[in-house]
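Sharing a structure with you now.
Here the chain labels run A, B, C, D, E and F in written order, and each chain numbers its own residues starting at 1.
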Amino acid sequence: MNADIQNQITHLLYQEAYLLDNRKYKEWLELLDDELVYRMPLRITAEGKEAVDLVDEMTYFEETKKSLTTRVNRLYTTSAWVENPAPRQRHFISNIMIEPATEPDEYKVRSYFLMKRSRASEHETEEIFGERNDIIRRIDGEWKVARRTIYPDQAVITVMNLSMFL
Amino acid sequence: MNADIQNQITHLLYQEAYLLDNRKYKEWLELLDDELVYRMPLRITAEGKEAVDLVDEMTYFEETKKSLTTRVNRLYTTSAWVENPAPRQRHFISNIMIEPATEPDEYKVRSYFLMKRSRASEHETEEIFGERNDIIRRIDGEWKVARRTIYPDQAVITVMNLSMFL
Amino acid sequence: MNADIQNQITHLLYQEAYLLDNRKYKEWLELLDDELVYRMPLRITAEGKEAVDLVDEMTYFEETKKSLTTRVNRLYTTSAWVENPAPRQRHFISNIMIEPATEPDEYKVRSYFLMKRSRASEHETEEIFGERNDIIRRIDGEWKVARRTIYPDQAVITVMNLSMFL
Amino acid sequence: MFKKTLDENAFRKLKEKMEEGLLPQWVITDPDIYELERVKIFGRTWQFLAHESELSESGCYVTRWMVDDPVLLVKNPSGEFKAFLNSCTHRGPRLCTEDRGKKKTFTCPYHGWSFNLNGDLIGIVAGNKVYGEEMCKKDWALREIPRIGIYQGMIFACLDPNAIPLEDYLGDMKWYMDILLGRSDGGMEVRGVPQRWVTKANWKATAENFMADPYHVQTTHRSTVEMGISPEDPLYAGYGHQVVLNNGHGINVITSATGKARAPYQGTPESMWPMFNRNLSPEQAEILSKTTVFVGGMYPNLSFVSPIHGTEGHLHNYLNFRLWRPIGPEKVEVWCWFMIDKAAPEEYKEAAYKSYIGSFGPSGTLEQDDTEIWARMVEASKGLMARDKELNYNSVANYLMGLHRVEPDESFPGPGHAYPTTYLDAIARSMHEYWLELISKDMIKEENE
Amino acid sequence: MFKKTLDENAFRKLKEKMEEGLLPQWVITDPDIYELERVKIFGRTWQFLAHESELSESGCYVTRWMVDDPVLLVKNPSGEFKAFLNSCTHRGPRLCTEDRGKKKTFTCPYHGWSFNLNGDLIGIVAGNKVYGEEMCKKDWALREIPRIGIYQGMIFACLDPNAIPLEDYLGDMKWYMDILLGRSDGGMEVRGVPQRWVTKANWKATAENFMADPYHVQTTHRSTVEMGISPEDPLYAGYGHQVVLNNGHGINVITSATGKARAPYQGTPESMWPMFNRNLSPEQAEILSKTTVFVGGMYPNLSFVSPIHGTEGHLHNYLNFRLWRPIGPEKVEVWCWFMIDKAAPEEYKEAAYKSYIGSFGPSGTLEQDDTEIWARMVEASKGLMARDKELNYNSVANYLMGLHRVEPDESFPGPGHAYPTTYLDAIARSMHEYWLELISKDMIKEENE
Amino acid sequence: MFKKTLDENAFRKLKEKMEEGLLPQWVITDPDIYELERVKIFGRTWQFLAHESELSESGCYVTRWMVDDPVLLVKNPSGEFKAFLNSCTHRGPRLCTEDRGKKKTFTCPYHGWSFNLNGDLIGIVAGNKVYGEEMCKKDWALREIPRIGIYQGMIFACLDPNAIPLEDYLGDMKWYMDILLGRSDGGMEVRGVPQRWVTKANWKATAENFMADPYHVQTTHRSTVEMGISPEDPLYAGYGHQVVLNNGHGINVITSATGKARAPYQGTPESMWPMFNRNLSPEQAEILSKTTVFVGGMYPNLSFVSPIHGTEGHLHNYLNFRLWRPIGPEKVEVWCWFMIDKAAPEEYKEAAYKSYIGSFGPSGTLEQDDTEIWARMVEASKGLMARDKELNYNSVANYLMGLHRVEPDESFPGPGHAYPTTYLDAIARSMHEYWLELISKDMIKEENE
């Protein structure tokens, strides 16, 4: 795996996290490919230890760049109460594994996320964690997220809402 | 430190975490050297701030590749109830520090781990964290974990069991 | 970004975390520039989602190398009860973003931290997390932390004290 | 285990205030009230378990919760639904920890006892070698949830063996369930599995918010107005009727300023309309044709919404049921089902599902803002002023909207007391009255225990 | 909600022991005691909210807590301070979740009701369209905290409408507050916002540790001796006077072995001394000039310290107030304010602030060690021996220091009972006596309820 | 602090059911029952602290817990073991937070008081300068745990000053402890320190699982059968005797289908056998020679297992003691000691230790599956059906195995009631009967308090 590309893609993911954590959502959108497919299937507890425990037909996110843009625009209104006043959020991205995809300049990128959030002056912080499977591609020299599938590790989500992006 | 080797070893640790988190235990075994020494001493609260607070003579894991293979085979039986149905586990590996060991193609690798687990539809997730000290060596072009010592940070472990590998 | 420098700076941050987590505070001091400015402003919940929610005029740390040296020396006395017996601490450093600063051999380094602590035989562990903005520079071939600003993500800190360094 | 004597005085004050349309704030998250609710409301009323489409064949099962009681719901070989306490009868461990699956036998991992789909104890390891006449297998079948019932594919259960039948409990709500669930051939189907998350809220607040409070839409969800998705008119969610039903149930039939729906039949494909008319009575069909949004619920903790989404030409409608499972006085585990007409075109189903994801559930842009409100209600409910049972600080919530002023509209074609606006606290008052009736029942008896 | 009858026997034993200078260990973190404290101490005494410098202009507000009651403190257009329950009167959600800001109107995100700086309900969405005669706006203004008072810029509030006035409650403490807060023209100012953190402790232990226990300094903070910052003499924090005041208040006026301060006027710039003398009475000025450290507090949960820091030539002094907000019997949310004379030179303020950060607050090298002690007190308080109300194990804490032996020094110029040493348990005993008086008040009444 | 009156009715029903071999499910995790257990069982029975080999020399100490009471166990200069409440007598903070160490003096970090190995208060900072006649050092020694006892190197303590002596409490269990702990010259030794972890379980369930339930082995640990380590015969763990002892103690002496052990003397080196015979009575030696596994425990919360591991030629045996420290009704802090004959060959000790790690403790492949079961018992114990004290849902656990059918085997050489199979609920019933006796003791008295 070319170390240079490795660094660029890693930087992209960190940059993305930074923009989200600093509420620069519009800048974040610019990191997304126009053809983006962004999904978050449900996790269940399934029979047997080999069983597939992801339910593909029901999700927490079933998004396109267009639908994400709508979500972002909403967060810039004056009445998106869930983030006004703004909670603090932090995306810890780790275990980044990159391998070439089918197309040139296209890579399969797997990463782990641990997202923590602190709301108002509450003592309890919230967290959600799991795995992300991305397709990241370079278009005219710019790296973009073209596909993201987010796998939460809990069958019951314990954040009070999913107003954040993952 | 050769960046290329750095990347390869880092990838090995991420690959290992991925295999464990996706219950590909047999594939995981293939990353282990036949001479593997795999240990997890106890942590205690010791007198004075300089004191060694690790107890080497008692452990949570005192394993060889053979004993780990037995543990893995057990997880493939139909009655290893602890992981059947399977909980979700996630090994967040970070702070990877690599330095050459005595032998050529052999490296001392230190890493931090934060392992989270979600069982059934329980709201509370479990976690364990600490440090790992590995010897990683290349044998006929393949990187293998030859030695691992796991240091938990708690004197009282707060996961309900240690059915996972660290 | 030169991959080599990237690795060196990354290693510096991991090395720093390792020294802190293993209570090698004096060795840690050696990684700090004599001109170090080390601060930790307060986070508040501010009006509106665009608002700056960091209060620069009040801090948890407002340090120089001299004041940090005093703090460290104190930890080597016999009566710094807060760390005697010593709790276990672990600095998970991630999302490291590096870019050149104004001076040559000087870099702006942003990182995320998740710090966990386990005290005595208590079951509950403590944690604090947020962002760090550093200036790291090379002086006669040695990398030093010249400036650090720590942003906690909570308006109310939930560790029983800030005896650790971040 | 320790006898407790109730503070009648606090209850008397509570009753007085409620008659004035006021609800003392202390009851929202008071731990003793919660304990009463657990026993006297959730121990005696019918609760939703699943929709029949979640268990397609014999052997299919899902595990659910009736507050703290783990339930194993199975479809037995004869195709009946059976609800058992999900606890092995030998020593009590949770028998099945999976969310769903298909099995013939449930085997307990402790000592290996096994049970069939009728709950019969069919296997005891080394049975006759270790047990003799002291043990009669029949006595050790899985314990059934005392009552189970089904209406329009909705499966309910009740812990009280003496509860009135489900259909009586639902009463006039059945008439509206026919519209929501019975309009299409083959009825509705659940997509995948329910979304589940834990939110900071008291179950009464979430249920009321959904069943009884269209008035909150104009502010809580004002971002949709800023986005140009909803009308500027602050009354937009207030047009139509709020229908108060028996046993704390209720439904809001929201039309629009014109008195008609934004689009006939909630923007469903015109091809489906004749089917609707065939499956519904003329009155039901008329309401369906004129309604933009149905939102309401079955007491205590099941709510639903059936909205229109999308823009001209791409309108769609779906049915979302949600169960508010109490987890203590300050937490709710929300279960959210997306349901759609089995008979609808596939691409329509797909589009409807996507708008659901964008609007409701933990990631829904509407529901996100509700969660902030629910949390704030909990956060302001613990202080001495809010918790004062003497009401010295006059800490009472306001349910005055329309009290003694807005009268039922006799011309409304559906059953129940239908008031000619949905900006009204009539359903909320009726929910809380039923709540008080339930928790104060047998109070005296208890005292003399 | 359930009537409870008190165990008088345990209380009698408690009283007996306290008269002997002993405090039974079980009261420290006992949950029932905590519940009594919440209601009978924090529901009836004056608590600190903020310093006036935190709300510079009209429209400025801060949100605070009186234990579990959320409080919105605003400066209204006429410049008065108003304290409201931070809960919308319509349905109760926390109205404002921000820590501080400036506004003309507070709008609730649930249904959009809005309130002005006087708490009046000024806006109801679609008001006259949805509410009629059933609703009188006046009735729905924000609920005021029953009592508010201010002394030397310190704003206090009380939940008991019948409480004695703030000035009476503070009593002789006012005389010392004049020194601490009134010595400079323009008084003191808060820098930025208070530091806040949650520590493992019982509020009684932290309050006592600060207000009443200079004796702990020699060991808990011995690292400063090892560092050469504090004198070797183990009595160094014991010189001076411990002054017992009314209502559980108290102050330690610590001088030094010489009976004089390490530096006159706590090392403040000489240029400020004439100003101090002008603003203080001769007696107050004399005390100020001779004192090294003032440390004490106002019962129940406000403490302060005004120390000297630094080395010859670079001495400075500041005022640190801290509120111990109880979060259950085993947790305290500490609020720490750094205050300094508005009239002091800027670089002096800066230096004083830096030494504060190095010494107090969660990162302060002194306070760090206190947190370890507080945690250990909680950790040893839950067992059967510590919790035994029969005192079979003689689990009582020792408050004997100076009991019936050390007599007040009549020559002390200030009010209150001034004992000629600060290594003394006099203030601690007085705090605990007042504590017992408060929690046992009306006990009988309660029983007959 | 508030008087509570017990629900006698629930207790009567409880007693009735237990006489029929049934245990109502509600008692497992009921919070009020837990509170009774804390006081009436753990406040009055003997609990294990440590094995003497953990404190080799004078000055050695370990810190332990008796449920919520922190205990400091030291070996004093005269070589006696002393157990103190680990709480400074001055103001109560936990005196020593370390797990183990060696000291002459324990100094409290709050005010510096210091105590010697006999618990005497030997140092008060500035003592005579700050304390006068009001203070008598003798009164302020560390508080001893009322009772301490030792048998076969096992150190126990009891919080009840009037408890019967340890040896009487252990009764016939002593005869079996002689086999387990006394068979070798120099006795047994603890390796390193105990493993500790927190698991989701109720202490009664874990104690019963270990002491009284060989029947679970065939299913819970069936993976060992699948792995070919254990025999296919589902009765394999049932051969031998279940011995019911006094005070809720019990032991299972598991042989094998042949009535003999898999290997004589549990696979210990033949060289050790003569030593065993020398140290044991003929009856004890006979049992040891014939037994494969000893598993049982001392009521309330100490259990042990002494198994055979390994394959022909490489067999080994060890002794594992585990303490189930209750942390609330739904959590247990498990303490696990690995013990081995001091006289055993080093490589044998090493091999035995490795098989222990592979089998028991949090990472043990056997114990892992037990933890899943324990958690499931908690998870199904909170609902209304399980918690119903009226038993309307017949929520009772089954302890019928062998009831009124299997009779004691008079030919068994050891003391106690020895039944000729270990697939039996006799020990479990006896544990629960003793449990009921303990928690219902003095109930009447309490009521009249």
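In the analysis below, contacts are C-beta pairs under 8 Å (C-beta built on N, C-alpha and C of every residue); 3 or more make two chains touch, one makes a residue touch a chain.
Source: prediction; values computed, not measured.
A.B. asks: In terms of touching chains, how many steps apart are subunit C and subunit D, taking the shortest path?
C.D. replies: Step count on the best path from subunit C to subunit D: 2.
A.B. asks: Same or different for subunit E and subunit F, where same means more than half of the interface numbers show up on both copies?
C.D. replies: different
A.B. asks: So which chain is farthest from subunit A, going by the mean of the CA atoms in each chain?
C.D. replies: Most distant chain from subunit A: F.
A.B. asks: If you average the CA atoms of subunit A and of subunit E, how many Å lie between those two points?
C.D. replies: Distance between chain centres: 45 Å.
A.B. asks: With centres defined as the mean C-alpha position, give me the subunit B-subunit F separation in Å.
C.D. replies: From the centre of subunit B to the centre of subunit F is 31 Å.
A.B. asks: Using the average of all C-alpha atoms in each chain as its centre, how far is it in Å between subunit A and subunit C?
C.D. replies: Taking the mean C-alpha position of each chain, the two centres sit 27 Å apart.
A.B. asks: So which bits of subunit E are touching at least two other chains?
C.D. replies: 97-99, 109, 196, 198, 219-220, 222, 333, 369, 372-373, 379
A.B. asks: Would you mind listing the residues of subunit B that make contact with two or more other chains?
C.D. replies: Expected reply: 3, 45-47, 79-81, 85, 92, 94, 114, 120-123, 155-156, 158.
A.B. asks: Applying that definition of touch, give me each pair of chains that meets it.
C.D. replies: Those chain pairs satisfying the definition are A-B, A-C, A-D, A-E, B-C, B-D, B-F, C-E, C-F, D-E, D-F, E-F.
A.B. asks: For a test of understanding, state which residues of subunit B touch subunit F in their complex under the given definition.
C.D. replies: 40, 42, 44-47, 55, 57-62, 67, 70-71, 73-74, 77-82, 119, 122, 155-163
A.B. asks: Would you pull the subunit E residues touching subunit D in the complex into a rising list?
C.D. replies: Its residues touching subunit D are 1-3, 38-39, 42-43, 66-70, 85-95, 97, 108-112, 125-126, 129-135, 140, 143, 145-146, 159, 161, 449.
A.B. asks: Could you pull out which subunit C residues touch subunit F in their complex?
C.D. replies: My answer: residues 79, 81, 85, 120-121, 123.
A.B. asks: Sort out for me which residues of subunit D touch subunit A in the complex.
C.D. replies: 97-103, 191-200, 219-220, 222-223, 225-227, 333, 338, 353-354, 357-358, 361-363, 365, 367-369, 371-373, 375, 379
A.B. asks: Could you list, by residue number, the parts of subunit D that touch subunit B in their complex?
C.D. replies: Residue positions touching the partner: 63, 97-99, 109, 196, 198, 327, 333.
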